[in-house]
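Here the structure is laid out as C-alpha coordinates; the discussion comes afterwards.
Chain IDs A, B, C and D follow the sequence of writing; residue 1 opens each chain.
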Amino acid sequence: MATITVDGKEIEVDEEGYLVNLSDWFPAVAEEMAKIDEVELGEDHWDIINFLREYYEEYQIAPAVRVLTKAVAKKLGKEKGNSKYLYELFPYGPGKQACKFAGLPKPTGCV
Amino acid sequence: MAMLHTVNKSPFERNSLNSCLTKSKEGSTILLIEDAVLGALKGTVIADKLTTAMTTKNIYVLGSDLNTRGFTEADILDGIKVVDYSGFVDLVAEHANVQSWL
Amino acid sequence: MSDDIKKFMFVNTKAPYGTVYALESLEVVLISAAFDQDVSLAFCDDGVFQITKNQNTEGSGMKNFSPAYKALGDYDINKLYVEKESLEERGLTLDNLMDLTYEDEDDDWAEKPSIKLVTRAELADLMDQQDVVISS
Amino acid sequence: MKFTLLINEGPYQHQASDTAYQFAKAAIARGHEIYRVFFYNDGVNNATRLAIPPQDDRNITENWAALAKEHDMDMVVCIAAAQRRGMLDADEAERQGKDAHNIHPAFRISGLGQLVEGGIQSDRLLTFGD
(Lines give C-alpha, C1' and ligand atoms only; values in the text may rest on other atoms or scores of the structure.)
Protein backbone atom coordinates (compact mmCIF):
# COMPACT_ATOMS: atom_id res chain seq x y z
CA MET A 1 0.00 0.00 0.00
CA ALA A 2 1.29 3.41 -0.93
CA THR A 3 1.57 6.16 1.65
CA ILE A 4 2.00 9.90 1.70
CA THR A 5 3.72 11.74 4.53
CA VAL A 6 1.89 14.69 6.04
CA ASP A 7 3.24 16.51 9.11
CA GLY A 8 5.44 13.53 9.80
CA LYS A 9 2.49 11.11 9.69
CA GLU A 10 2.31 8.21 7.24
CA ILE A 11 -1.10 8.13 5.59
CA GLU A 12 -2.31 5.25 3.46
CA VAL A 13 -3.53 6.02 -0.05
CA ASP A 14 -4.59 3.74 -2.89
CA GLU A 15 -3.06 3.35 -6.34
CA GLU A 16 -4.68 6.55 -7.53
CA GLY A 17 -3.85 8.60 -4.47
CA TYR A 18 -7.24 8.45 -2.70
CA LEU A 19 -7.35 8.04 1.07
CA VAL A 20 -7.78 4.45 2.21
CA ASN A 21 -9.33 5.61 5.50
CA LEU A 22 -11.50 8.69 5.08
CA SER A 23 -11.04 9.57 8.75
CA ASP A 24 -7.33 10.24 8.08
CA TRP A 25 -8.19 13.54 6.42
CA PHE A 26 -7.08 16.92 7.75
CA PRO A 27 -6.38 20.09 5.74
CA ALA A 28 -2.66 19.43 5.31
CA VAL A 29 -3.55 16.12 3.60
CA ALA A 30 -5.24 18.10 0.83
CA GLU A 31 -2.16 20.35 0.53
CA GLU A 32 0.13 17.33 0.18
CA MET A 33 -2.13 15.62 -2.39
CA ALA A 34 -2.26 18.86 -4.38
CA LYS A 35 1.54 19.15 -4.29
CA ILE A 36 1.81 15.64 -5.73
CA ASP A 37 -0.63 16.61 -8.51
CA GLU A 38 1.23 19.91 -9.07
CA VAL A 39 -1.75 22.05 -8.09
CA GLU A 40 -1.24 25.00 -5.80
CA LEU A 41 -4.25 25.32 -3.51
CA GLY A 42 -5.61 28.83 -3.16
CA GLU A 43 -8.71 30.22 -1.55
CA ASP A 44 -10.82 29.32 -4.59
CA HIS A 45 -9.74 25.68 -4.34
CA TRP A 46 -10.53 25.63 -0.64
CA ASP A 47 -14.02 27.04 -1.26
CA ILE A 48 -14.75 23.99 -3.38
CA ILE A 49 -12.99 21.51 -1.10
CA ASN A 50 -14.87 22.82 1.92
CA PHE A 51 -18.11 22.78 -0.01
CA LEU A 52 -17.56 19.12 -0.96
CA ARG A 53 -16.78 18.14 2.61
CA GLU A 54 -19.90 19.86 3.88
CA TYR A 55 -22.00 18.23 1.17
CA TYR A 56 -20.63 14.81 1.99
CA GLU A 57 -21.12 15.35 5.71
CA GLU A 58 -24.77 16.18 5.11
CA TYR A 59 -25.76 13.67 2.42
CA GLN A 60 -23.12 10.91 2.65
CA ILE A 61 -22.55 11.05 -1.11
CA ALA A 62 -20.27 13.08 -3.34
CA PRO A 63 -22.40 15.34 -5.55
CA ALA A 64 -22.53 14.71 -9.29
CA VAL A 65 -20.63 17.43 -11.20
CA ARG A 66 -23.90 18.87 -12.46
CA VAL A 67 -25.22 19.13 -8.91
CA LEU A 68 -21.94 20.58 -7.72
CA THR A 69 -21.92 23.36 -10.32
CA LYS A 70 -25.51 24.28 -9.56
CA ALA A 71 -24.89 24.37 -5.82
CA VAL A 72 -21.65 26.34 -6.22
CA ALA A 73 -23.44 28.85 -8.46
CA LYS A 74 -25.99 29.36 -5.75
CA LYS A 75 -23.51 29.62 -2.91
CA LEU A 76 -20.46 31.28 -4.46
CA GLY A 77 -21.95 33.03 -7.48
CA LYS A 78 -22.72 32.22 -11.11
CA GLU A 79 -19.18 32.95 -12.35
CA LYS A 80 -17.91 30.07 -10.22
CA GLY A 81 -20.80 27.69 -10.80
CA ASN A 82 -19.75 26.24 -14.13
CA SER A 83 -17.63 23.28 -15.07
CA LYS A 84 -15.09 25.40 -16.98
CA TYR A 85 -14.21 27.25 -13.79
CA LEU A 86 -14.07 24.01 -11.81
CA TYR A 87 -11.85 22.32 -14.39
CA GLU A 88 -9.48 25.29 -14.29
CA LEU A 89 -9.10 24.79 -10.56
CA PHE A 90 -8.96 21.00 -10.75
CA PRO A 91 -7.53 19.97 -14.14
CA TYR A 92 -8.33 16.28 -13.60
CA GLY A 93 -11.96 17.11 -12.95
CA PRO A 94 -13.91 18.34 -9.95
CA GLY A 95 -15.48 14.89 -9.51
CA LYS A 96 -12.20 13.03 -9.32
CA GLN A 97 -9.50 15.41 -8.22
CA ALA A 98 -11.41 17.74 -5.92
CA CYS A 99 -13.03 14.75 -4.21
CA LYS A 100 -9.59 13.23 -3.73
CA PHE A 101 -8.20 16.40 -2.13
CA ALA A 102 -11.35 16.70 0.00
CA GLY A 103 -10.97 13.17 1.32
CA LEU A 104 -14.21 11.84 -0.17
CA PRO A 105 -14.67 8.28 -1.46
CA LYS A 106 -13.27 7.53 -4.88
CA PRO A 107 -15.96 7.85 -7.56
CA THR A 108 -16.69 4.51 -9.20
CA GLY A 109 -17.10 6.12 -12.61
CA CYS A 110 -20.71 5.22 -12.88
CA VAL A 111 -22.14 7.11 -15.85
CA MET B 1 -52.22 -1.41 -24.10
CA ALA B 2 -52.43 -2.57 -20.55
CA MET B 3 -49.56 -3.47 -18.31
CA LEU B 4 -47.88 -6.84 -17.75
CA HIS B 5 -46.89 -7.83 -14.23
CA THR B 6 -44.59 -10.72 -13.44
CA VAL B 7 -44.43 -12.42 -10.05
CA ASN B 8 -41.73 -14.94 -9.12
CA LYS B 9 -42.32 -15.77 -5.41
CA SER B 10 -44.34 -18.53 -3.84
CA PRO B 11 -47.39 -16.81 -2.31
CA PHE B 12 -47.12 -19.21 0.63
CA GLU B 13 -43.79 -17.71 1.63
CA ARG B 14 -43.75 -14.13 0.39
CA ASN B 15 -46.24 -11.35 -0.17
CA SER B 16 -45.40 -10.22 -3.69
CA LEU B 17 -48.33 -11.93 -5.44
CA ASN B 18 -50.65 -10.19 -3.00
CA SER B 19 -48.94 -6.85 -3.67
CA CYS B 20 -49.28 -7.41 -7.37
CA LEU B 21 -52.96 -8.35 -7.14
CA THR B 22 -53.80 -5.29 -5.04
CA LYS B 23 -51.68 -2.84 -7.05
CA SER B 24 -52.50 -3.90 -10.62
CA LYS B 25 -55.31 -2.34 -12.58
CA GLU B 26 -58.31 -4.10 -14.01
CA GLY B 27 -57.57 -5.36 -17.50
CA SER B 28 -53.91 -5.93 -16.78
CA THR B 29 -52.09 -9.22 -17.16
CA ILE B 30 -50.21 -11.19 -14.52
CA LEU B 31 -47.64 -13.85 -15.39
CA LEU B 32 -46.51 -16.28 -12.69
CA ILE B 33 -42.94 -17.53 -13.12
CA GLU B 34 -40.35 -19.38 -11.02
CA ASP B 35 -41.75 -20.26 -7.55
CA ALA B 36 -44.85 -18.14 -8.13
CA VAL B 37 -46.25 -20.92 -10.36
CA LEU B 38 -47.03 -22.79 -7.12
CA GLY B 39 -49.72 -20.20 -6.45
CA ALA B 40 -51.63 -21.38 -9.52
CA LEU B 41 -52.33 -24.85 -8.08
CA LYS B 42 -55.84 -26.04 -7.32
CA GLY B 43 -57.12 -26.30 -3.76
CA THR B 44 -54.73 -23.85 -2.10
CA VAL B 45 -55.61 -21.21 0.48
CA ILE B 46 -55.23 -18.51 -2.17
CA ALA B 47 -57.29 -20.25 -4.88
CA ASP B 48 -60.39 -18.16 -4.19
CA LYS B 49 -58.40 -14.97 -4.31
CA LEU B 50 -56.96 -15.86 -7.73
CA THR B 51 -60.34 -16.94 -9.05
CA THR B 52 -61.75 -13.56 -8.05
CA ALA B 53 -58.80 -11.76 -9.62
CA MET B 54 -59.40 -13.62 -12.87
CA THR B 55 -62.76 -11.92 -13.30
CA THR B 56 -60.96 -8.62 -14.04
CA LYS B 57 -57.37 -9.62 -14.91
CA ASN B 58 -55.68 -12.14 -17.17
CA ILE B 59 -53.51 -14.66 -15.36
CA TYR B 60 -50.85 -16.75 -17.03
CA VAL B 61 -48.33 -19.24 -15.75
CA LEU B 62 -44.99 -20.23 -17.29
CA GLY B 63 -45.44 -23.90 -18.20
CA SER B 64 -41.82 -24.94 -17.98
CA ASP B 65 -41.56 -23.66 -14.40
CA LEU B 66 -44.70 -25.62 -13.54
CA ASN B 67 -43.28 -28.80 -15.11
CA THR B 68 -39.93 -28.23 -13.43
CA ARG B 69 -41.72 -28.39 -10.07
CA GLY B 70 -43.63 -31.58 -10.90
CA PHE B 71 -46.96 -30.16 -12.04
CA THR B 72 -48.85 -29.80 -15.31
CA GLU B 73 -51.71 -27.81 -16.74
CA ALA B 74 -54.13 -30.34 -15.18
CA ASP B 75 -53.05 -29.26 -11.68
CA ILE B 76 -53.81 -25.55 -11.97
CA LEU B 77 -56.93 -23.49 -11.49
CA ASP B 78 -59.35 -23.25 -14.39
CA GLY B 79 -58.95 -20.00 -16.24
CA ILE B 80 -55.20 -19.66 -15.76
CA LYS B 81 -53.50 -19.93 -19.12
CA VAL B 82 -50.19 -21.69 -19.69
CA VAL B 83 -47.47 -20.12 -21.84
CA ASP B 84 -43.99 -21.22 -22.86
CA TYR B 85 -41.02 -18.83 -23.15
CA SER B 86 -42.16 -17.72 -26.60
CA GLY B 87 -45.50 -16.87 -25.07
CA PHE B 88 -43.70 -14.97 -22.29
CA VAL B 89 -41.87 -12.94 -24.96
CA ASP B 90 -45.14 -12.25 -26.78
CA LEU B 91 -46.80 -11.07 -23.57
CA VAL B 92 -43.95 -8.61 -22.98
CA ALA B 93 -44.17 -7.36 -26.55
CA GLU B 94 -47.97 -7.03 -26.49
CA HIS B 95 -48.17 -4.99 -23.29
CA ALA B 96 -47.17 -1.35 -23.01
CA ASN B 97 -44.82 -1.88 -20.07
CA VAL B 98 -43.73 -4.53 -17.62
CA GLN B 99 -43.30 -4.55 -13.90
CA SER B 100 -41.57 -7.34 -12.02
CA TRP B 101 -42.89 -7.76 -8.49
CA LEU B 102 -39.77 -8.82 -6.65
CA MET C 1 -38.55 7.10 -29.85
CA SER C 2 -35.00 7.59 -28.57
CA ASP C 3 -35.31 11.38 -28.71
CA ASP C 4 -38.37 11.48 -26.50
CA ILE C 5 -38.24 11.80 -22.78
CA LYS C 6 -39.31 8.58 -21.15
CA LYS C 7 -41.09 8.12 -17.88
CA PHE C 8 -38.97 6.05 -15.50
CA MET C 9 -40.37 4.88 -12.19
CA PHE C 10 -38.26 3.20 -9.54
CA VAL C 11 -40.58 1.17 -7.32
CA ASN C 12 -39.13 0.43 -3.90
CA THR C 13 -40.84 -2.45 -2.12
CA LYS C 14 -38.14 -3.71 0.23
CA ALA C 15 -36.96 -2.57 3.65
CA PRO C 16 -33.39 -1.20 3.80
CA TYR C 17 -30.32 -2.87 5.38
CA GLY C 18 -31.64 -6.46 5.51
CA THR C 19 -30.68 -6.69 1.85
CA VAL C 20 -28.70 -4.38 -0.42
CA TYR C 21 -31.53 -3.63 -2.86
CA ALA C 22 -32.58 -0.28 -1.35
CA LEU C 23 -29.03 1.10 -1.36
CA GLU C 24 -28.16 -0.06 -4.85
CA SER C 25 -31.50 1.10 -6.21
CA LEU C 26 -30.79 4.58 -4.87
CA GLU C 27 -27.47 4.51 -6.72
CA VAL C 28 -29.30 3.86 -10.00
CA VAL C 29 -31.73 6.67 -9.24
CA LEU C 30 -28.91 9.17 -8.69
CA ILE C 31 -27.29 8.17 -11.99
CA SER C 32 -30.60 8.33 -13.85
CA ALA C 33 -30.77 12.04 -13.03
CA ALA C 34 -27.96 12.67 -15.53
CA PHE C 35 -30.11 11.46 -18.45
CA ASP C 36 -32.80 14.16 -18.31
CA GLN C 37 -35.66 11.70 -18.24
CA ASP C 38 -38.92 11.98 -16.31
CA VAL C 39 -37.90 10.13 -13.15
CA SER C 40 -40.12 9.31 -10.19
CA LEU C 41 -39.87 7.02 -7.17
CA ALA C 42 -42.55 4.97 -5.50
CA PHE C 43 -42.34 3.64 -1.96
CA CYS C 44 -44.78 0.86 -1.16
CA ASP C 45 -44.93 -2.31 0.92
CA ASP C 46 -41.78 -2.47 3.07
CA GLY C 47 -40.19 0.13 0.78
CA VAL C 48 -41.72 2.83 3.00
CA PHE C 49 -39.14 1.88 5.65
CA GLN C 50 -36.37 3.17 3.35
CA ILE C 51 -37.18 6.78 4.17
CA THR C 52 -37.95 6.66 7.89
CA LYS C 53 -36.45 9.32 10.14
CA ASN C 54 -33.70 8.74 12.70
CA GLN C 55 -31.93 5.81 11.07
CA ASN C 56 -28.85 5.13 13.17
CA THR C 57 -26.47 2.45 12.00
CA GLU C 58 -23.74 2.91 14.61
CA GLY C 59 -24.46 -0.39 16.31
CA SER C 60 -24.92 -2.47 13.16
CA GLY C 61 -21.78 -1.11 11.56
CA MET C 62 -23.53 -0.58 8.22
CA LYS C 63 -23.37 2.56 6.11
CA ASN C 64 -26.29 4.86 6.84
CA PHE C 65 -27.38 5.88 3.36
CA SER C 66 -30.63 7.56 4.37
CA PRO C 67 -29.15 11.10 4.16
CA ALA C 68 -28.67 10.56 0.42
CA TYR C 69 -32.46 10.60 -0.12
CA LYS C 70 -32.31 14.24 1.03
CA ALA C 71 -30.02 14.99 -1.92
CA LEU C 72 -32.60 13.84 -4.48
CA GLY C 73 -34.04 17.36 -4.69
CA ASP C 74 -30.61 18.68 -5.79
CA TYR C 75 -30.70 16.04 -8.53
CA ASP C 76 -34.08 17.36 -9.74
CA ILE C 77 -35.81 14.20 -8.60
CA ASN C 78 -38.81 15.51 -6.74
CA LYS C 79 -41.63 13.07 -7.39
CA LEU C 80 -41.57 10.65 -4.48
CA TYR C 81 -44.86 8.77 -4.20
CA VAL C 82 -45.57 7.04 -0.90
CA GLU C 83 -48.45 4.59 -0.78
CA LYS C 84 -50.89 5.51 1.96
CA GLU C 85 -52.12 1.95 2.61
CA SER C 86 -48.58 0.63 3.00
CA LEU C 87 -47.85 3.26 5.65
CA GLU C 88 -51.07 2.49 7.51
CA GLU C 89 -50.55 -1.27 7.43
CA ARG C 90 -47.22 -0.71 9.14
CA GLY C 91 -48.54 1.68 11.78
CA LEU C 92 -46.70 4.64 10.25
CA THR C 93 -47.69 8.16 9.26
CA LEU C 94 -45.90 10.83 7.23
CA ASP C 95 -44.42 12.06 10.53
CA ASN C 96 -42.29 8.92 10.66
CA LEU C 97 -40.70 9.79 7.33
CA MET C 98 -37.81 12.13 6.60
CA ASP C 99 -38.60 15.62 5.43
CA LEU C 100 -37.65 15.36 1.77
CA THR C 101 -37.86 18.58 -0.19
CA TYR C 102 -36.71 20.33 -3.36
CA GLU C 103 -36.27 23.95 -4.38
CA ASP C 104 -38.63 24.98 -7.14
CA GLU C 105 -36.63 26.84 -9.78
CA ASP C 106 -39.82 28.24 -11.34
CA ASP C 107 -41.09 29.61 -8.05
CA ASP C 108 -38.13 31.68 -6.81
CA TRP C 109 -36.46 28.58 -5.32
CA ALA C 110 -39.25 28.03 -2.82
CA GLU C 111 -38.71 24.88 -0.78
CA LYS C 112 -41.45 22.35 -1.47
CA PRO C 113 -42.14 18.81 -0.29
CA SER C 114 -41.06 16.01 -2.64
CA ILE C 115 -43.13 13.35 -0.92
CA LYS C 116 -46.64 12.89 -2.17
CA LEU C 117 -49.01 10.55 -0.39
CA VAL C 118 -51.03 8.49 -2.88
CA THR C 119 -53.62 5.76 -2.52
CA ARG C 120 -53.03 2.26 -3.81
CA ALA C 121 -55.36 2.95 -6.74
CA GLU C 122 -53.55 6.20 -7.59
CA LEU C 123 -50.21 4.38 -7.47
CA ALA C 124 -51.56 1.70 -9.82
CA ASP C 125 -52.54 4.47 -12.25
CA LEU C 126 -49.08 6.06 -12.00
CA MET C 127 -47.32 2.76 -12.66
CA ASP C 128 -49.54 2.17 -15.63
CA GLN C 129 -48.42 5.46 -17.20
CA GLN C 130 -44.70 4.65 -17.11
CA ASP C 131 -42.46 3.65 -20.00
CA VAL C 132 -39.96 1.90 -17.76
CA VAL C 133 -40.64 0.46 -14.30
CA ILE C 134 -37.63 -0.75 -12.34
CA SER C 135 -38.67 -2.36 -9.11
CA SER C 136 -36.82 -3.91 -6.25
CA MET D 1 -38.63 -5.04 -30.77
CA LYS D 2 -35.61 -4.17 -28.64
CA PHE D 3 -35.32 -5.52 -25.10
CA THR D 4 -32.96 -4.66 -22.28
CA LEU D 5 -32.74 -7.26 -19.52
CA LEU D 6 -31.70 -6.41 -15.97
CA ILE D 7 -30.39 -9.33 -13.89
CA ASN D 8 -30.09 -8.75 -10.16
CA GLU D 9 -29.20 -12.17 -8.78
CA GLY D 10 -26.11 -14.31 -8.99
CA PRO D 11 -26.03 -17.70 -10.72
CA TYR D 12 -27.19 -20.95 -9.04
CA GLN D 13 -28.45 -19.31 -5.83
CA HIS D 14 -31.54 -18.01 -7.63
CA GLN D 15 -33.38 -18.86 -10.85
CA ALA D 16 -33.36 -15.24 -12.09
CA SER D 17 -30.36 -15.61 -14.38
CA ASP D 18 -31.69 -18.87 -15.86
CA THR D 19 -35.09 -17.30 -16.50
CA ALA D 20 -33.49 -14.29 -18.17
CA TYR D 21 -31.32 -16.57 -20.31
CA GLN D 22 -34.30 -18.62 -21.50
CA PHE D 23 -36.20 -15.41 -22.15
CA ALA D 24 -33.32 -13.96 -24.17
CA LYS D 25 -33.07 -17.11 -26.30
CA ALA D 26 -36.83 -17.15 -26.93
CA ALA D 27 -36.90 -13.42 -27.73
CA ILE D 28 -34.12 -13.79 -30.30
CA ALA D 29 -35.87 -16.84 -31.79
CA ARG D 30 -39.00 -14.70 -32.07
CA GLY D 31 -37.09 -12.12 -34.13
CA HIS D 32 -36.55 -9.56 -31.38
CA GLU D 33 -33.26 -7.94 -30.47
CA ILE D 34 -31.61 -8.05 -27.05
CA TYR D 35 -30.22 -4.54 -26.92
CA ARG D 36 -28.34 -5.12 -23.69
CA VAL D 37 -28.13 -7.45 -20.70
CA PHE D 38 -27.21 -5.50 -17.59
CA PHE D 39 -25.92 -7.30 -14.50
CA TYR D 40 -26.49 -5.54 -11.17
CA ASN D 41 -26.65 -6.33 -7.44
CA ASP D 42 -25.33 -9.89 -6.94
CA GLY D 43 -26.10 -10.41 -10.63
CA VAL D 44 -22.56 -9.24 -11.34
CA ASN D 45 -21.40 -12.69 -10.17
CA ASN D 46 -22.80 -14.18 -13.38
CA ALA D 47 -19.73 -12.76 -15.10
CA THR D 48 -17.11 -14.79 -13.25
CA ARG D 49 -14.79 -16.79 -15.48
CA LEU D 50 -13.58 -18.87 -12.53
CA ALA D 51 -16.69 -20.88 -11.60
CA ILE D 52 -16.48 -24.65 -11.89
CA PRO D 53 -20.01 -26.04 -11.91
CA PRO D 54 -20.34 -29.87 -11.93
CA GLN D 55 -20.20 -31.36 -15.46
CA ASP D 56 -23.76 -32.64 -15.23
CA ASP D 57 -25.18 -29.17 -14.50
CA ARG D 58 -25.55 -26.14 -16.75
CA ASN D 59 -22.73 -23.61 -16.97
CA ILE D 60 -24.58 -20.35 -16.63
CA THR D 61 -21.68 -18.00 -17.41
CA GLU D 62 -20.64 -20.01 -20.49
CA ASN D 63 -24.24 -20.19 -21.67
CA TRP D 64 -24.51 -16.41 -21.54
CA ALA D 65 -21.12 -16.02 -23.21
CA ALA D 66 -22.09 -18.37 -26.05
CA LEU D 67 -25.43 -16.64 -26.63
CA ALA D 68 -23.74 -13.24 -26.63
CA LYS D 69 -21.14 -14.39 -29.11
CA GLU D 70 -23.68 -15.94 -31.44
CA HIS D 71 -25.92 -12.87 -31.49
CA ASP D 72 -23.43 -10.10 -30.82
CA MET D 73 -25.20 -9.27 -27.59
CA ASP D 74 -23.96 -6.49 -25.29
CA MET D 75 -23.47 -7.81 -21.75
CA VAL D 76 -22.59 -5.15 -19.18
CA VAL D 77 -21.52 -5.62 -15.58
CA CYS D 78 -22.08 -2.64 -13.28
CA ILE D 79 -18.71 -1.35 -12.16
CA ALA D 80 -19.84 -0.12 -8.74
CA ALA D 81 -21.63 -3.36 -7.86
CA ALA D 82 -18.73 -5.39 -9.27
CA GLN D 83 -16.07 -3.54 -7.28
CA ARG D 84 -18.01 -4.05 -4.04
CA ARG D 85 -18.10 -7.78 -4.69
CA GLY D 86 -14.57 -8.32 -5.93
CA MET D 87 -15.35 -8.70 -9.63
CA LEU D 88 -12.63 -7.11 -11.78
CA ASP D 89 -11.50 -7.26 -15.36
CA ALA D 90 -7.84 -7.00 -16.30
CA ASP D 91 -7.89 -3.22 -16.78
CA GLU D 92 -9.65 -2.58 -13.48
CA ALA D 93 -7.31 -4.96 -11.64
CA GLU D 94 -4.36 -2.98 -12.89
CA ARG D 95 -5.95 0.37 -12.13
CA GLN D 96 -6.86 -0.74 -8.60
CA GLY D 97 -3.58 -2.50 -7.91
CA LYS D 98 -5.11 -5.96 -7.48
CA ASP D 99 -3.19 -9.12 -8.33
CA ALA D 100 -6.00 -11.00 -10.07
CA HIS D 101 -9.04 -10.50 -12.25
CA ASN D 102 -12.04 -12.72 -12.80
CA ILE D 103 -14.43 -11.30 -15.38
CA HIS D 104 -15.18 -13.43 -18.41
CA PRO D 105 -14.17 -11.70 -21.66
CA ALA D 106 -17.72 -11.98 -23.02
CA PHE D 107 -18.80 -9.35 -20.46
CA ARG D 108 -17.73 -5.73 -20.23
CA ILE D 109 -17.54 -3.54 -17.16
CA SER D 110 -19.25 -0.19 -17.33
CA GLY D 111 -21.33 2.27 -15.37
CA LEU D 112 -24.93 2.30 -14.20
CA GLY D 113 -25.65 4.83 -16.91
CA GLN D 114 -25.66 1.89 -19.32
CA LEU D 115 -28.76 0.54 -17.57
CA VAL D 116 -30.61 3.84 -17.87
CA GLU D 117 -29.47 4.20 -21.47
CA GLY D 118 -30.73 0.67 -22.13
CA GLY D 119 -34.11 1.72 -20.77
CA ILE D 120 -34.13 4.76 -23.05
CA GLN D 121 -33.03 2.94 -26.20
CA SER D 122 -35.11 -0.23 -25.80
CA ASP D 123 -38.82 -0.79 -26.26
CA ARG D 124 -39.02 -2.81 -23.04
CA LEU D 125 -36.85 -3.14 -19.96
CA LEU D 126 -37.42 -6.32 -18.01
CA THR D 127 -36.10 -7.04 -14.51
CA PHE D 128 -35.14 -10.50 -13.25
CA GLY D 129 -34.37 -10.62 -9.56
CA ASP D 130 -35.45 -11.58 -6.08
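Throughout what follows, a contact is a pair of C-beta atoms (placed from the backbone, for glycine too) under 8 Å apart; a residue touches a chain by one contact, two chains touch by 3 or more.
Keep in mind the model is a prediction, meaning the values are calculated, not measured.
Trainee: Out of B-C and A-D, which chain pair has the most contact pairs?
Mentor: Most C-beta pairs in contact, of the two: B-C.
Trainee: So the centre of each chain is just the mean of its C-alpha atoms; given that, what is the distance between subunit A and subunit B in Å?
Mentor: 51
Trainee: For subunit A and subunit C, let me know how many angstrom lie between their CA-based centres, rounded off.
Mentor: 28
Trainee: From the C-alpha centre of subunit A to that of subunit D, how far is it in Å?
Mentor: 33
Trainee: Two or more other chains touching the same residue: where does that happen in subunit A?
Mentor: 110-111
Trainee: Which subunit C residues reach two or more other chains?
Mentor: 21, 27, 31, 34, 131-132, 135-136
Trainee: Which subunit D residues sit where two or more other chains touch them?
Mentor: Subunit D, residues with two or more chain partners: 8, 80, 111-113, 123, 125, 127, 129.
Trainee: What are all the chain pairs that meet the touch criterion?
Mentor: A-C, A-D, B-C, B-D, C-D
Trainee: Per the contact definition, I'd like the list of subunit C residues that touch subunit D in the complex.
Mentor: By the definition above, subunit C touches subunit D via 1-2, 6, 8, 20-21, 24, 27-28, 31-32, 34-35, 37, 131-132, 134-136.
Trainee: Could you pull out which subunit D residues touch subunit C in their complex?
Mentor: The touching residues are 6, 8, 40-42, 80-81, 111-113, 115-117, 119-121, 123, 125, 127, 129.
Trainee: Can you list the subunit D residues touching subunit A in their complex?
Mentor: 79-80, 83, 95-97, 111-113
Trainee: Show me the residue ranges of subunit A that touch subunit D in the complex, using the header's touch definition.
Mentor: Spelled out, the residues of subunit A in touch with subunit D are 14-16, 108-111.
Trainee: In their shared complex, at which residues does subunit C touch subunit A?
Mentor: Checking each residue of subunit C against subunit A gives 27, 30-31, 33-34, 63-65, 67-68, 70-71, 74-75.
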